[in-house]
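Below are two complexes that have chain A in common, paired first with chain B and then with chain C.
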Partner chain A sequence: MKVTDIVEKLGLNVFSGHEGLGREVTGGYASDLLSDVMGHAEAGTVWITIQTHRNVTAIASLRDISAVIITSGEKPGDDTIAQSNEEGIPVLGTELRTFELAGRLYSLLG
Partner chain B sequence: MKPFRADLHIHTLLSPCGSLEMSPREIIARAKSRGLDMIAVADHNSTYHCELTVTLGRETGLTVLRAAEVTSAEEVHSLVILPDEASTLSFQAWIDSHCTNMPHNPDIFGDQVVIDRDENIIREIDHFLPAALNASIDEVESAAHSHGGLFIPAHIDRPAMGILGQLGFIPGDLFIDAVEVVGRIADLLFPVIRNSDAHVPEHIGRRYTEYMLESASFAELAKALRGEAGRFIIPQP
Partner chain C sequence: MTFEYKVQGGDFTHAGYASSQVKKMLKQLGVDSVVIKRVVVCLYEAEVNIVAHARDGIISIVLDTDTILMKLTDNGPGIANIEQAMQKGYSTASPEVREMGFGAGMGLPNISANADRFLITSEPGTGTALEITINLNSAAV
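Now for the complex of A and B:
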């Protein structure tokens, strides 16, 4: 499954990083503690978080994460968007809470 | 120039997690008995006990600095140490304008009371003080500096509520005056200080930092953090 399929099926907003919409997705990871993501998230996963700090994109790049989904209607700042565009890692958004979004993504990835 | 021993992170009873024994008077008495030359009171997102502690400190010969432990939107705790009364009032107004007004339950979290010099309760705070402000860590940093204060990410080596735990690494474009550590960290690019983060009287001075200064004051501390004019942080063994 590609990032673009997830965007379509879950009705997500695409804030930035459009270049990366064709990336393959192999799993998901939900965490708001960036040190935890830095240590444990696997390459190819979609990362679900409410954090919007620009370190999110840096860590997504470091772990080769396919896309970031920001939940609860939170919006990334300009610097996060700029870095996401630079790295080609999509930053997506939803009004759903992490729990609901993670459930839907889990079903989708089967 | 001589060494001054300072513990710049002490909670009063205003913090919900602060023991009710942590009155400004008790803090000063303990600090003096522990051989501290300078302290800072740093309650969660609040400065309401700063003036009283400064006054009592002045009367008894202990330098007290005004500070707050600010929680950013990312749930990173940072010490903001302020130069004087006016900047502290103005910084408190900035905090209030970013407050998210989380309800407080004293039975779970503990009381949040402001007292006077006779230790009478004069005010109770009804929102949960340590809750994250709706201000990013970058906004906290710029507010600290625009008020003439020092910005010091707190307990960065704790697994959570410190900048490394919450954000994974220290963003390169933050202007950081020093970092506070609990354990021992080598090879940091920033000045490193240690403070007690005391919530009970017995913890005051359990960690401290020595500074080479002309006198115990905010201005001298700021110079020491920058390594200016012969002032410096005395390296720990």
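Now for the complex of A and C:
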């Protein structure tokens, strides 16, 4: 499955990083603790979080995360958007809360 | 080859710069992606610890044919009890730093789990020094 399929099926906003919409997705990881993601998220996953600052895209880039989904209607910061565009890592958004979004993504990837 | 990077305490927008430079370099050298991942986890956690807990720091990367040595020294408050700091979940991060999602007390355990050799020395009131070594050819485990 590609990032773009997830955007379409879950009705997500695409804030930035459009260039990376064709990236392959192999799983998901939901966490707002950065060192938890750093230590445990696999490459190729979609990261679900309410964090919006630039360290999110920094970690996504370092750990080869396919895309970031920001939940609860939060918006990414300007420098988060800038890095997302530079590196082609899509930053997506939803009004849903992490629990509901993770559930839908889980069934989608099932 | 030796490379140096400066780290500024409190500057979260540039945290991860050295890690991303080193990642690019190792990728160009064709190092195995699992090994790169381990290097990146160690260096990022050590880098962010300087930003979150110390003042100025210097990172020096010594790249050899079969190892990478990452030395990080800072002039922060130091760590009084290293054994305690190494425990999963122990953190003295400020409320502002926690709000950003740091402060889970998992950084140093992440380094331990990913390094082939990890030394930490610290003098309270003076600073902290980390030496992290990873074998570049240890891919096939």
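Here is the rule we go by: the second predicted complex is superposed on the first by the 110 of 110 C-alpha atoms of A that agree within 3 Å, B and C clash if a C-alpha of one lies under 4 Å from a C-alpha of the other, contacts with A are read in each partner's own complex, and residues count from 1 in each chain.
Please note the rule applied: contacts are C-beta pairs under 8 Å (C-beta built on N, C-alpha and C of every residue); 3 or more make two chains touch, one makes a residue touch a chain.
Predicted, not measured: the structure shown is a model, and the values here were computed from it.
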### Query
Would chain B and chain C fit next to each other on chain A once aligned, or clash?
clash
### Task
Once the structures are superposed on A, label A:Gln51 by its partner contacts, choosing first (chain B), second (chain C), both or neither.
both
## Note on the structure
Across chain A, the partner (chain B or chain C) reaching more residues is C
### Task
For A:Ala41, select first, second, both or neither according to whether it touches chain B, chain C, the two together, or no partner.
neither
### Contacts of A:Ile81 with chain B and chain C, given as first, second, both or neither
neither
### Query
Just chain B (first), just chain C (second), both, or neither: which does A:Leu33 touch?
both
### Query
Counting only touches as set out at the top, which of chain B and chain C does A:Ile69 meet: first, second, both, neither?
neither
### Query
So, A:Leu92: does it touch chain B (first), chain C (second), both, or neither?
neither
### Query
So, A:Ile59: does it touch chain B (first), chain C (second), both, or neither?
both
### Message
Considering only the listed stretches 9-17, 45-53, 99-107 or 171-179 of chain B, which one runs into chain C in the superposition?
### Response
171-179
### Summary
So the chain A residues that chain B and chain C both touch are 33-35, 38, 51, 53-55, 58-59
#### Entry: chain A contact footprint on chain C (complex, rising order)
12-13, 15-16, 19-20, 23, 33, 37, 40-41, 44-45, 48, 100-102, 104, 106-107, 109-110, 113
### Task
Mind listing the chain B positions that touch chain A in their complex?
73-74, 136-137, 159-160, 164-169, 171
### Task
Could you pull out which chain A residues touch chain C in their complex?
32-36, 38-39, 43, 49, 51, 53-55, 58-59, 61-64, 79
## Note on the structure
The chain A residues in contact with chain B across the complex are 33-35, 37-38, 51-55, 58-59, 77
